[in-house]
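Two complexes are shown next, each including subunit A; its partner changes from subunit B in the first to subunit C in the second.
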Partner chain A sequence: MKLFLLIARNVRRSYVRSGLTVLGTMVLVFVMTLVWSILAFLGDAMAEKSSNFKAIVTERWQIPSQMPFAYADSLSQGAATKPDDVRPTDSMTWQFYGGTTEKGTRTRENTVFAFGMQPSKINTMMDDLDSLPAKEAAELQAVIDKLESNRQGLILGRDRLAALKKQVGDRITLYGINYKDIDLEFEIVGTVPAGRYDNNAFFNRDYLLAAIDQYNDKHTDPHPLTEKSLNLVWLRVPDAETLRKVTAQIDSSSDYTNPQVKCETQSSGISAFMEAYSGLIWAMKYVLSPVIFVTLALVIATAISIAVRERRTELAVMKVLGFRPWQLLLLVLGEATLLGLIGGGLSAAATYVVVNIVMGGLKFQIGFFAAFFIPAAAIGWGLALGGGAALLGSVMPAFAARSVKVAEVFSKVA
Partner chain B sequence: MVWVETKLCGLLSRAMLADSSGDASSLWASVPLAAKVLAAVGLLIVVAAVVLGKIPFRYNVRNLFVRWKTTLSTGVVFVLVIALLTATQAFVNGMYRLTEASAREGNVMILSEGSTDEVFSNFGFSDINDIANQPGVLRDALNAPLCSKETYLIVVQPRRNPKPDGPQRRFIQLRGVEDPAISGVVHGMDLHDGGAWFSSVGVERRDVDGSGKKDDVIQAVIGEGLASELGRDRTEAERKAAKNQDRLAVGDVFELRDRRWLVVGVMKSAGTTFDSEVWAKQSLVGPMFGKVGFSTLVLRTQNDAAAEKLKEFFNTDYKKAAVTAYVEREYFDKLNQTNQQFSYAIGFIAFWIAIAGIAGTMNTMFAAISQRTKDIGVLRIVGFARWQILLSFLIESLFIALVGGAIGVAIGSLVDGSTMTSVVSSGQGGGKSVVIVLSVNAAIVAQGLLLALFMGGFGGLIPAINAMRVRPLESLR
Partner chain C sequence: MPAKPIVRVKNVHKFFTRGSERLDVLNGLSLDVAEGEFLGLMGPSGSGKTTLLNLIAGLDRPSSGEVLIGNDRVSAMSEGQLASWRTRSVGFIFQFYHLLPVLSAYENVELPLLLLPLSSSERKKQVTTALELVGLTDRMKHRPGQLSGGQQQRVGIARAIVTDPLLIVADEPTGDLDARSADEILDLLGELRQALKKTILLVTHDPRAAQRADRVLHLDKGRLVEAAEVVG
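Entry: the complex of A and B
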């Protein structure tokens, strides 16, 4: 306890030095927390789950995947045809529709990429939206109900709604980018809870299917995407064994030959997409993170070694008073660690609050991930980073303090 | 060690060449305004120090050596921060150079109306010939229009010998072209020695594995970056037996969509987006992957002015087909959205790390001053003015920054010439997977040094002001 009081008193002795050290620690832990949050999210997305799998069925040989809508029903059942075939516990289909609010002019602001799907699947199959807190889940359910009852409804992400300068209740016309000459008129019926879908939109797939039919009725040639309107089918399966059986059912089915399809886990699909960023992810993990950590350790080491040098006389007096060398070592290590823990913990907690609550996520597009959030575990990372770097940085100054020679110090003083 | 020397010598000679060819002014122009202002202020301080009066330089330098541990740890912070900044800037610069190098002066790119990316573009066959025959499009010796007709596809390839915990497949950019020789001329793309463009049928019968059985193989020309990547799929034994151990070469075979593809040429494509592409006969690969029509037309004109004129014509007056025309440079500029994002991210990280560096420098300088209060008192008594004390301590801090920054730039510059995979995109879907050659230029070196000076200057300023305010008699008491 006495030692701890001494440590606390030492920290308070030079507010400037302690303040600068905590500031340095805070900013570096802040950067590390952001970088690690992105890495942790990507790592989690690419890691194979042990249960409650999601599988993706896509066209086998090319992206963007484009399959006939006729595949939708049977693929949603995991190609199960016989009574003893295995079926997914849930499923959803995705049909991508890109459009602009101004005909012929495309800007970042006026472009909307929307998922055409069954409204009821938004809160049972979409990542994050399937696990909302009760209040947000109820709000989303109310919006989904509107989408069920209004085939021309559109649910927009908050950032997209702001970029379009529209409000819930407004009507917009989207001029097709990929579905050329198929323009869709929508009524904005609500927004998605803040998060990773801030720039996306959802609409009822029946509306797109009806629009394609309408186009084909009016033209002699069918729309080029008529037989390519199904982009992805998502399946939820309880375990790896079920996934293996469903994959085998789909692979062996003769219904999916032109085009062929493939079924893979969500993580495997994401890993393939993220492969292009592998160099960047590697650099974040093995270059950026270590450099920041070492910089942090050095900033702390500099401050602590200065403190030790300034207190050589005092340390010698302490030795004379009976303090053991290991106690002096602990004193210095403790002082550094305390500063590191304060700086690291404060920084990570502040980053968590600012990024998640104030900013609504870190907007940084990597692949199809547009926003990242700071996990609650980041507060632990901050403490570990700050404390760890401080401990590492103070080892040498602490040993210098431990081996202060009383006679040498007093001979200089004399 | 030899590698390090080679790298640094290469950089130095490039910088010297840039100076001698008159590129230095353009490099200086590329340095941001804030950095230029900072450089001017720094220069002013040094000039003031030299011209206006005596500064105890030797005393300062000696002090740095006396407190060598603190000097070293502060200097290493500068080294790390500036090395990191230099390497990351080299990445962004490589991305910009890639998109710049992929565009060719005088080329006009035609996509279907509203498309900002080739992957979303789709033409009808009837549209094509009329577009190619418009006035302003150059023609070859046989009077054929220099129009590269292309179908751009991103296809899935199961990896050979994948790592168990790694991705099992990769995406490959496949460009179906109608006439590869014309496409080569339009894009200014040459082949490595021993290669040839694929034939007019784009397929040949060949015994590729020496079993005596001949198969129909699709002829393909591939970018050298992709050739290296596919070359890494080979087993150790296959690589040892191969003609080229580093990459696939002419005569090698790879698989795509259950078919065998024969490499008939490797493009000299390093530093362009074509580096990660496979080119093959459009009439074969289009139907094979369900995209029968063309996605892209690239027209060759006399120069950028002619290209601009043709672009305007297609975007405003041309009514036979709904198209969107871009001068090729403009199209690739749009792909810089990703680069800008990374640029902002690096700026953001550099800003915060710089603050930590400033905090570290301040600590060092405050300690230096508190240890030398008596020295400062003596200096004041022997006649050094306050501003000379201020400059003396400021220069001490700038010296650590400059040396640390210079070493940091040198270390960071070692990434120059190395490659990395990434994606360039317009941020509106699509995008291209590319192999980037990291590139350090004079502007990056200048930015690194100026950031170091900024950190050193800002970190040293407040402690130096404190030093300046020391009262001689009080300090000696």
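Entry: the complex of A and C
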């Protein structure tokens, strides 16, 4: 306790140096918190769940998956045909439609990536949207009702709406990117709650199917994506045993031979999809994170080394008074660790508040994840990272303090 | 001079090496200091005064020979034993005071007591007594930067006596003070010596300071060259 008070007083000795050390720690912990939050989110998404999980049905041999829409109904039932076959508790289909608001010109601002699906599934099957607080859930239900009643409705994420410089009620035309020559006219009927879908859009799948039919009626050759418009089917199953049975039903069905399909857990599906980003994720884990940690330790080591050098006489006096070398070692380690803990804790807490509450998530597109949030555990990461790096960085200066030779110091003073 | 020696330095040699060069600082020096004696050590720079003080105070070890303080063989102690011994047995007064700038006068005086198994109330009693003895009870909450040089040295003296040590060593305690403050500090040392019956070793270049001692020893090139009884 007495030593801690001395540590606290020494930290207050130079507000500028302590402040700069804390600031440096905060900046690096901020970057590290963002990186780790993304990694933790992806890790969680790719981790196997034990119950109430989702399975994905995709084309077996090709990415991106492109299946005929004729698969949709039976796959949504888990290929159940007999009375005793197992059925999923819920399901949804995804049909991706990318378009721009200006024909022939594609920019970050004018591009919309939209999920074509059954409106009623938006708030029962979409991650996060299926577990909203009551007020937000009611608001979303009202928007979904509009989409049910207006086949040309479009629900936009808030950032996308802002990027397009549009408002709810406006009408827009999207010129197809993947569905070449199939342009869709929409009325914006609402927005999704702030979060991971801020840059996405949702529309009624029936509108896309009708547009494909209309194209085929007007052209001699069918649209190239006519038999490839179903991208994913999602199934909700209560447990692993049900999933195993559903997978067996789909695998043994003769209805899905051209192309063949596969059924896997959401985490496996996401892992396979994220394989394309494995290099980026590897670099974040094994290059960026260690570099930040070492930089942080060096920043703290420099500041503490200067402090120890300036205080050699004082440390010598403490030795003269009877302080043991290990007590001086602890004093220096304690000062550095205290600064690291303050900087790390403050930074992680501030990052949590700013990213989650002020910014509504970190907008960083990886695969179909558009926004990331800082988990509450990040406060613990910040403390551990700041404290750990400070402890590591202060080992050498602490040993220098421990080894101060009293006679040498005073011969120089005199 | 009282007969019973409390400091015994027996045939002490001390040398340092710089590269391949050997520097002999003390050459077979022997010295006894009686309990309650006020001893002055004088000599030119490099004569070995501070080295001798460091050996007696347990801050350094002799290359050969023995240093005994009371019943403790200081020259044979480990670094850890020396640290503990210093806290209990020696009070230091420095030329440049060397107070910790982040601590108040009270906290600076309390610092060596933190290393002893004392309760908070015991520490408070001892610190208050020490500050009363040096006449600084009204400045106990001041930081060193808020005190004059003379006041800082008084705090340094209070820190030196707060553990009730056997021996007080003072290395040029008036060297950084004006004449008036120096006299006040020397008066205070004299009063403390009378009141507490402490043994005091004073290293100084100042003949006026040396005059306050019972006995003055002169060192030159690591040897005692002269001893003089000083009256008063």
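Basically, the second predicted complex is superposed on the first by the 361 of 414 C-alpha atoms of A that agree within 3 Å, B and C clash if a C-alpha of one lies under 4 Å from a C-alpha of the other, contacts with A are read in each partner's own complex, and residues count from 1 in each chain.
Basically, a contact is a pair of C-beta atoms (placed from the backbone, for glycine too) under 8 Å apart; a residue touches a chain by one contact, two chains touch by 3 or more.
Given the structure is predicted, the values throughout are model-derived calculations rather than measurements.
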Which holds for A:Ala240: it touches subunit B only (first), subunit C only (second), both, or neither? neither
_Going by the contact rule set out at the top, does A:Gly322 touch subunit B (first), subunit C (second), both, or neither?_
second
(Q) Is A:Ala384 touching anything from subunit B or subunit C once the two structures are fitted on A? First, second, both or neither. (A) neither
Practice item. Figure out whether A:Val395 sits in contact with subunit B (first) or subunit C (second), or with both, or with neither. Key: neither
Across subunit A, the partner (subunit B or subunit C) reaching more residues is B
Once chain A of both complexes is superposed, is A:Ala350 in touch with subunit B (first), subunit C (second), both, or neither? neither
Touching A:Ser278, do we find subunit B (first), subunit C (second), both, or neither? first
**Message:** One more residue to check, A:Asn10. First (subunit B), second (subunit C), both or neither?
**Reply:** second
Check: subunit A residues flagged as touching subunit B and also subunit C none
Subunit A residues touching subunit C in their complex are 2, 9-10, 12-13, 313-314, 317-325, 406-407, 410-411, 413-414
Listed in rising order, subunit C residues that touch subunit A in their complex are 50-51, 54, 57, 59-60, 79-80, 83-84, 86-88, 92, 94-96, 98, 100-103, 111-112, 114-115, 159, 171-172
Counting only contacts in the complex, subunit B reaches subunit A at residues 69-70, 73-74, 76-77, 80-81, 83-84, 87-88, 91, 112-116, 119-120, 122, 153-156, 166-171, 257, 289-290, 322, 338, 341, 345, 349, 352-353, 355-357, 359-360, 362-364, 366-367, 370-371, 420-423, 427-429, 433, 436
Listed in rising order, the residues of subunit A that touch subunit B in the complex are 16-17, 20-21, 23-25, 27-28, 30-31, 60-64, 66, 98, 100, 104, 106, 108, 111, 113, 175, 177-178, 180, 224, 228, 259, 262, 264, 268, 271-273, 275-280, 283, 287-288, 291-292, 294-296, 298-299, 301-303, 305-306, 309-310, 364-365, 367
